[in-house]
Amino acid sequence: MSDATTGTMISCLDKGFVRLVDVMGDDAAIVQAARVSYGSGTKKVHEDRGLIRYLMRHLHTTPFEMVEFKFHIKLPIFVARQWIRHRTANVNEYSGRYSEMKDEFYVPSLDQVRAQSTSNKQGRADEAFPVEESRRIVDMMTATQEHAYAEYQELLSMDLAREVARINLPVSNYTEWYWKIDLHNLFHFLRLRIDAHAQYEIRVFAQAMADLIRPYVPLAYEAFEDYILKSERFSRLELQALDALLASREVTADELAAVGLKGREAAEFLEKLEAIKTAS
Amino acid sequence: MSDATTGTMISCLDKGFVRLVDVMGDDAAIVQAARVSYGSGTKKVHEDRGLIRYLMRHLHTTPFEMVEFKFHIKLPIFVARQWIRHRTANVNEYSGRYSEMKDEFYVPSLDQVRAQSTSNKQGRADEAFPVEESRRIVDMMTATQEHAYAEYQELLSMDLAREVARINLPVSNYTEWYWKIDLHNLFHFLRLRIDAHAQYEIRVFAQAMADLIRPYVPLAYEAFEDYILKSERFSRLELQALDALLASREVTADELAAVGLKGREAAEFLEKLEAIKTAS
Amino acid sequence: MSDATTGTMISCLDKGFVRLVDVMGDDAAIVQAARVSYGSGTKKVHEDRGLIRYLMRHLHTTPFEMVEFKFHIKLPIFVARQWIRHRTANVNEYSGRYSEMKDEFYVPSLDQVRAQSTSNKQGRADEAFPVEESRRIVDMMTATQEHAYAEYQELLSMDLAREVARINLPVSNYTEWYWKIDLHNLFHFLRLRIDAHAQYEIRVFAQAMADLIRPYVPLAYEAFEDYILKSERFSRLELQALDALLASREVTADELAAVGLKGREAAEFLEKLEAIKTAS
Amino acid sequence: MSDATTGTMISCLDKGFVRLVDVMGDDAAIVQAARVSYGSGTKKVHEDRGLIRYLMRHLHTTPFEMVEFKFHIKLPIFVARQWIRHRTANVNEYSGRYSEMKDEFYVPSLDQVRAQSTSNKQGRADEAFPVEESRRIVDMMTATQEHAYAEYQELLSMDLAREVARINLPVSNYTEWYWKIDLHNLFHFLRLRIDAHAQYEIRVFAQAMADLIRPYVPLAYEAFEDYILKSERFSRLELQALDALLASREVTADELAAVGLKGREAAEFLEKLEAIKTAS
């Protein structure tokens, strides 16, 4: 698939972007690989959607590794530092040793200038500062970025080596990279980085990638949302609490059908409730 | 830590074993690494147990990677083939090219000679065959193994290259390897391989490893059991079903305390129930 | 890229094959990724071929990770066991738990029935056995495979669980998988498995993959051959020996040009010779 | 092995350090793992040193993965950004979201304030600037760091969220992490980062790690130096050039012994020369 056909780009933050550069595979490629594992026996039982949902639900993750996406991304260095912690991807980043860093820095929008969260050690409050205060902060930040870049330029003009001159550029400076990852590992990335606990600035990029890839793997993405992104894990003790709360409750097929739980999935749900009861 | 002090070995199946050869780190090493990430702010709030449980609950998995275990394992080839799919480990396996394979084959115990499961495409039934039938099957299998090994010996005596002579040895033949893995990835292995859907023969090894490492990381293992192994994930639809079932239900702190849910964990549970309500 | 356009298949051994299923990227994709790293400064200096060769020569391996290949492969289990040791790939293998193993076994061709090598602990001799002896060995092997498969069928007909019935199938039994890998890691695989020390049976597959991918990345493959596959590493002591052997020797540009060493590469060669001299 | 016994620390740059926190295994652990692969046949032939050198020479890298090192490192962010590209390690880094970044910045020593290299696009010149110019540059840099940190403090005092306030801190700011890696992958890291093409500031850390681990694996480190670090690879064309230069040269065992090449290694060297001749 050529650049020309997949050059869809989504702007992120004030100067960044995610561009989908290349794609290998789709929902059919997941099914193709799964059928080699699970053999012809599975052919009759499942339709593709059912098979993909079954794979996702039961942590049969390897078929999702058969789809690969390549992105071109422009992002602030502090976002790149969080991002690179995901080790199961291929990366080629712009190098400040080979090339001059550009005069582009992330400046938060006024509504993202917020106090330290009181409930979340790692996050910011839900409300922005008063707009004049936000503006003052943003102006301070911008001035510092301008100063840092002016000094960088001055050092380069003195012929200081690029690899030394760049060390005082702030982590708000934009960088670029090509980033390539398979769908299973991308889902893992999205799960952690779309999450409300992730820093706002990386969430924006994660959401953009989700939006770009969904059209290529609509069934897999739907399964990812249903079984991972919008699912909830209950601990051993929480399951006991649920069991206590549901204690005398009879569950009917109609009740489950009312929320869309039918067939195999309804049966699996009843098994879970039964298992909770037994364990409690 | 030397072989001498950690040479604990657990027999597995008829001729296999797991031996814990070396250990780096313990619960304290997890805490040590987490504190560098989360800084001094965390020191007062959490005790070690609380911190470890928090890390496990919120998928902060990197501190668990700071503990490393090395095992010496003897296992049938068909188990090794399932095992090796876990790629995040270091392996040195006995080589049938360099050395002569040994006359040791896995023979199922009579109670593991079972019919194909009717409910589980990949598994066996809950009940064994009648004992005479099981015995007959086991005798057939043993004879085939003896024949294969006798032929192997004959081929070697003709000076056929080892790497060729061994190709008709069955996958029940035992092999050996050193296998080294960090605790986070071991937990992932155990989660998949202690599970009832894993083949019985690999479950035996997974359980042995769990038993060997638990004394070194009792707090981490407890958290793994509470939040992963004995937890349950509910899908988007299942959460809607739970919400419907719990609809009019008021939940009191006393009810939660009765099953052991207190403080931060009780609050998180109530947040989950609230989130379900909002999403439904 | 669809199956239809890339369905090229090469037969391997007696019943196996390698089929190239999908491709992401080509030589241009390597250059594209490298340019983001090394910036516009590189644009004028290098042509694409020069850049790719420079990357390969100087171990700048990440741009080669930007190309991805997916194969469908049918191979004997003992080959699969060597192959799977390469952990940086994605795999979906046929499962003997879900599906019935097929009646297909690897039988060596007569000229591959050879004695243990006297010089190479892990390999076979350069010469085949006398043809009658080879034929006798092949007949023995075939009979054992037929016996094993007949017993497998008998056990299945008794309704023994597939996951148990298959344990006496020999490692010459064929399996199948989808296997997906990036070009950098494929080169690493090929380097080890095209090598004369690799077992003949896996070399056949490695060569087939090399033949299938070369047309997609002709420049990268040429560089891989020149700088890796057909290169030679000399140890510290060997360099001293070379220096002693070359001691009084003047090297002229014409001599180097005579074998094709020109420009930057000739300069790098002279630097190496100089470095040897200094170190000795 | 406890912190107490391995707390050796080496200072790096102006405010950084490498501290060896924990060690699993040593030369004997490499031999132990290799013997399981290569079997008892190897026992008589090789002594431990010979076996380790054989493994290194022939790219049998997995036994080196059986040794693991854990470091505590304090390093500038721009060094951390190069370092983290090595994906085969475990990392826990200090978090500017959870904790306040410290007032510690890397300031180059005067002799590292150098011009852009004219021969090396990514590096700096061999000579420092005149000392007054270096001092002026260092003073400029220090002032910018002080300004950035003062603004950071001011933003924190306004209660701006830590994760936002830190975005204008320069990449010269120090961070810390725990970093754990196996010996094979550490050798790969060292090979790339001790190299003269690596940035000076990361070379300092690589050398410190090499110095800290060498006492634990003296034989493996010696082999790494002889066969990797101080070896040289010659390309296909360079081998042809060597062959032309050596053309009429007879090589005697005495000549090889004179530089220390004896026995198996001398034989392998002669084989290489012979192979070159054949290929040319």
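In this document, chain identifiers A, B, C and D correspond to the written order of the chains, with residue numbering beginning at 1 in each.
Convention: contacts are C-beta pairs under 8 Å (C-beta built on N, C-alpha and C of every residue); 3 or more make two chains touch, one makes a residue touch a chain.
Computed from a predicted structure; not experimentally measured.
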{"item": "Those chains which touch subunit B and also touch subunit A", "value": "C, D"}
{"item": "Result of counting contacting C-beta pairs for A-D and B-D, higher pair", "value": "A-D"}
{"item": "Shared interface numbering between subunit D and subunit C [over half = same, under half = different]", "value": "same"}
{"item": "Distance between chain centroids, defined by C-alpha means - subunit A, subunit D (Å)", "value": "32"}
{"item": "Whole-Å gap between the CA centroids of subunit C and subunit D", "value": "28"}
{"item": "Whole-Å separation of chain centres (CA-atom averages), subunit B against subunit D", "value": "34"}
{"item": "Subunit C: positions in contact with at least two other chains", "value": "38, 41-42, 62, 85, 91, 95, 98, 121"}
{"item": "Parts of subunit A lying in touch with subunit D, wherever the complex brings them together", "value": "76-78, 80-81, 84-85, 87-88, 91, 95-98, 106, 108, 112-117, 121-125, 129, 133, 137, 140-141, 144-145, 147-148, 151, 154-155, 158-164, 166-172, 199"}
{"item": "Complex contacts: residues of subunit B adjacent to subunit D", "value": "1, 22-25, 29, 32-34, 36-42, 62-63, 65-66, 68, 70, 72, 90-95, 98-100, 176-178, 180, 182"}
{"item": "Subunit D to subunit C touching residues, read off their complex", "value": "38, 41-42, 57-59, 62, 85, 121, 192, 197, 225-227, 230-242, 244-246, 249, 251, 255-256, 258-261, 265, 269, 272, 275-276, 279-280"}
